[in-house]
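In the two complexes below, chain A is the common chain; its partner is chain B in one and chain C in the other.
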Partner chain A sequence: MAGHFAAKRLSKELSKIRSSLPPGIELVSADNFEEWLLDIRVLDNNPLYQNETYRLKFRFASSYPIEPPEVVFVKLPDRPIPIHPHIYSNGIICLDLLGQQGWSPVQNVESVCMSLQSMLTGNSKNERPPGDEEFVRGNRLRPKDIEFYYHDNDV
Partner chain B sequence: MARLKLSQWDNAIADCTECLKLAPDSMKAHYSLSQAHLALRAYDEALTHALKAHELCLKTLDKSLGTVTTHVLKCKKERWDDMEKRRIRETSELEMEVIGLLERGRDEAVREAAGLDEGSRREIEDEWRAKIDLVRDVFEKARPAREKRRQVPDWAIDDISFCVMVDPVITKTGKSYERASIVEHLRRQPLDPLTRDPLYISDLRPNLDLKQACEEFLAENGWAADW
Partner chain C sequence: MDSDDDFMSTVSSEDDMLPDDSDNDMSGDDDFAFDDEPDVYIDSQKETGHKKKAAYDISFKVYEPGDITKQQDDLINEVNMILDISKEEAAILLRHFRWNKERLIEDYMDRPVQVLDAAGLAQTAAGPPRMQVVPGFVCDICCEDEPGLQTFALKCGHRYCVDCYRHYLSQKILGEGEAARIQCPAEGCNLIIDARSLDLLVTQDLTERYHELLHRTYVEDKETLKWCPAPDCENAIECAVKKKDLDRVVPTVSCLCGHRFCFGCALNDHQPAPCELVKKWLKKCADDSETANWISANTKECPKCNSTIEKNGGCNHMTCRKCKHEFCWMCMGLWSEHGTSWYNCNRYEEKSGVEARDAQARSRVSLERYLHYYNRYANHEQSARLDKDIYTKTERKMVQLQKESGMSWIEVQYLNSASQALQTCRQTLMWTYAFAFYLARNNLTEIFEDNQKDLEMAVEALSEMFERPITELADSKLKVEIMDKTSYCNKRRVILLEDTAQNLAEGRWTFNVEMTGSGANGGPSSRR
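Presenting the complex of A and B:
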């Protein structure tokens, strides 16, 4: 059963994305139904993220949207990893929406981008998650296999 | 089954029909029969058996519900395409026929006017030319009209698969989804996709009015089946 959902649903999301996207979100590439790249910017005046653009990488399993996509920030010369207590310096994001438990199949690429935008907008802490260095050094798991411990739920 | 794969449609139909005599409620037989009919462009039969297979899937909680739902949409789409093709051919034939009749009328009028003076003859010719142009114009205007409404209304779309709904079911919150999609989600996680409240497959109720609305929409806009 799983499998015939993903391509069809993604092709429809793509045609919608190509016709319009909310401000601060841009499609960079979507050459197949496995991996898409998007850029996001924070629109308000939060000094932590001013004048920066961040690159997101979406990876879809054939069970999408029943299963969540894998979403990480990608580091490039002009695309840093945003500083945030739920974003590790290797780009891995700790957000319940993207986890097996928090995901809902009515979410989509656009809504995930918007959630990440507002996650950044609402943040005032200029810090990485606790244990960032150790996690980045030691982690060999894919984001979906990591059991995040949610330190706080107010960020 | 093998005969389906080998594209021996007639044999496959014979097998399935035989099978249905013995087991009238065989979902697989209806599904295969529908595939064979579709391949042979017997669209009405294909749709009838696809719907029957869908109904049986529901009754037996068969895991193929998703596949069968997709197949029902495919039958609807191909059936509509065929009707549309025929309609286009028929209207263009009608247009040629009407213009042919007018041209004959014109020729006759011109012949009858042979005895009149040049001015009157020209007047009659102009009159007929205007008539023919007008008829062409009317046919031309009718053409793009049906291309206009090529937009699928949100109420017909399942928010999980993004397809037009075939068998919509409604949740406690009042939101409807395609049965195959929401069941697939609830098997993995018994939570309402919008509110995250507990939601079980047994809580789903068919949304018959929406089903009928989707059917009517697809009947008029068959292209939307694989939108």
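Presenting the complex of A and C:
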């Protein structure tokens, strides 16, 4: 439910995205101002992510960009969930810039994609977050309602 | 404990003090520099010198909303003058240093650049931020580029349109309840929005909420200040008792609104029990652990299917209703193996049997012990609740008494004092039982129990007198008796509290549970 405020900003973002996007980021669909899909790839030869493409789903509230969008990885036959100590196997991402505290209204879809790209690029750990199994089994909350504890910022 | 307890609080503090007691003034120590002086509350008691303070009585001061604002303003003005920075900046610095003025000034003198940076203040000498129209401006948040757009930027120069700024601020204030640390919207910029800029940007209702939140952080930031937890009370209490002292003192304070509560844990007055025991006791009472205790004391499990069985009579030959297993209640062995000694278990004295019996007996004793204290605790809690009815009846009684006996308003006030004494004493008695539950027996506990008994007898006697019919109450002989008993109750309470508080301060009680030494609710004991 994007309000007038969000719609204006998103339409500007969209026209910019349609004209150019950084390498490794592709727009899949943006039919409205509520939900967009984008594909990202890791550009260097990190063996963890080589030859894989990942699907991102953005959901925008009417308060966007004052409040952060909800961003998750989506699992499809040809789109796995990247392995990373801050990404749960259900696609939920624990990243401070997507939380209310770390978000800045100056961030945008493109910058979020780039942050996620570099988050993957810099990772060498072939593991899920601690407690992934229980979290994925038990979680019924939307990402924005989860109180992540950003215990380290260097991964 | 429930909300009815706030009723207890109407008792004025004069009632529970010995005649030689001083009032509850802070002993002239007004500059809140407690942080660096441990055990100030003990020192300040000594300083009073000529006034003898009861051991259970602690120094505290009540601040009304106006006082709290004035304290902040005074500190802000002082820092504003000493450091030659604007009031808004002084306020941000003070908040950053949790209102520790001395440390702020010291640190600022040493390394002003780092201090300003850490607090979220810019070091440029530019004038105060204002709204501006900038030609060719495009807002990075909403992408608006209309000519004549009003824009705003803090000293960092991150400029956004006023509309976006408003959205951002209202989200922070209303959505997140943030006030003291609202940063510039730019990514990675930690500059803090000052009160003046905020007032410039947002509407009246938002400003009010903002200042209310700021106001709240002042009290919450200071370890020596706490809000009065009574509903709708806006006062704050200052008390120098710190978390680490809570195993030696029960800091009971009394707000101007009449609410009496513990400064350590914010629960209602729980003297003489220290916070940690109170927490343990409430948890124990709330837990199912006592149900489990009962089960273990009164039942056994079927050795085959583990169903819980209560033996309510009959012989030792048990047949489980569920699985039809036949066993001996005594030794829990197979009944068929009992051979010739039917109805008489000869395996009874086996070591395992003895142990099982002992464990069960211990469990039974501990349950009985708990119930002894719990019943008395709950009884006083309930009586205290009934006192609420009595109190409302008292007022009616007093009016009636005035009419029937021709006594004046002031002459019937003794009933009010009696009612209040009953409530306070019951509150204390209630907690003496929780306290006693955790006491290990020694000579001190005997004195304690004597004190408890004396107070309890006095309270019950007063309670009995108090409920006499109105015709008898008008009798001047009974009036004198009630007044005598009221003051006797108050005295007994003071004696009990004095004794327990002194022994607590001197660490003479032995408890039958582990005391961690740190007080009630978690969190860091000192925040610097």
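Following the convention adopted for this analysis, the second predicted complex is superposed on the first by the 152 of 155 C-alpha atoms of A that agree within 3 Å, B and C clash if a C-alpha of one lies under 4 Å from a C-alpha of the other, contacts with A are read in each partner's own complex, and residues count from 1 in each chain.
In this text, a residue touches a chain if its C-beta (ideal position, glycine included) is under 8 Å from a C-beta of that chain, and two chains touch if they have at least 3 such contacts.
As the structure is a prediction and not an experimental result, all values here were calculated from the model.
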For A:P105, decide between first (touching chain B), second (touching chain C), both and neither.
-> both
Of the partners chain B and chain C, which touch A:P65 in the superposed model: first, second, both, neither?
-> both
First (chain B), second (chain C), both or neither: which does A:F5 touch?
-> both
What is the contact status of A:R142 with respect to chain B (first) and chain C (second): first, second, both, or neither?
-> neither
Partner chain in contact with A:R18 - chain B first, chain C second, else both or neither = neither
Chain C-contacting residues of chain A that also contact chain B | 5, 8-9, 12-13, 65-67, 104-106
Mind listing the chain A positions that touch chain C in their complex?
-> 5, 8-9, 12-13, 63, 65-67, 97, 100, 104-107
Residues on chain B engaged by chain A in the complex (per definition of touch) | 63-67, 70, 159-163, 181, 184-185, 188-189, 191, 193-194, 196, 227
What residues on chain C touch chain A, complex-wise?
-> 140-144, 158, 160, 164, 167-168, 171, 175-176, 185-188
Within the complex, which stretch of chain A touches chain B?
-> 1-2, 4-5, 8-9, 12-13, 65-67, 101, 104-106
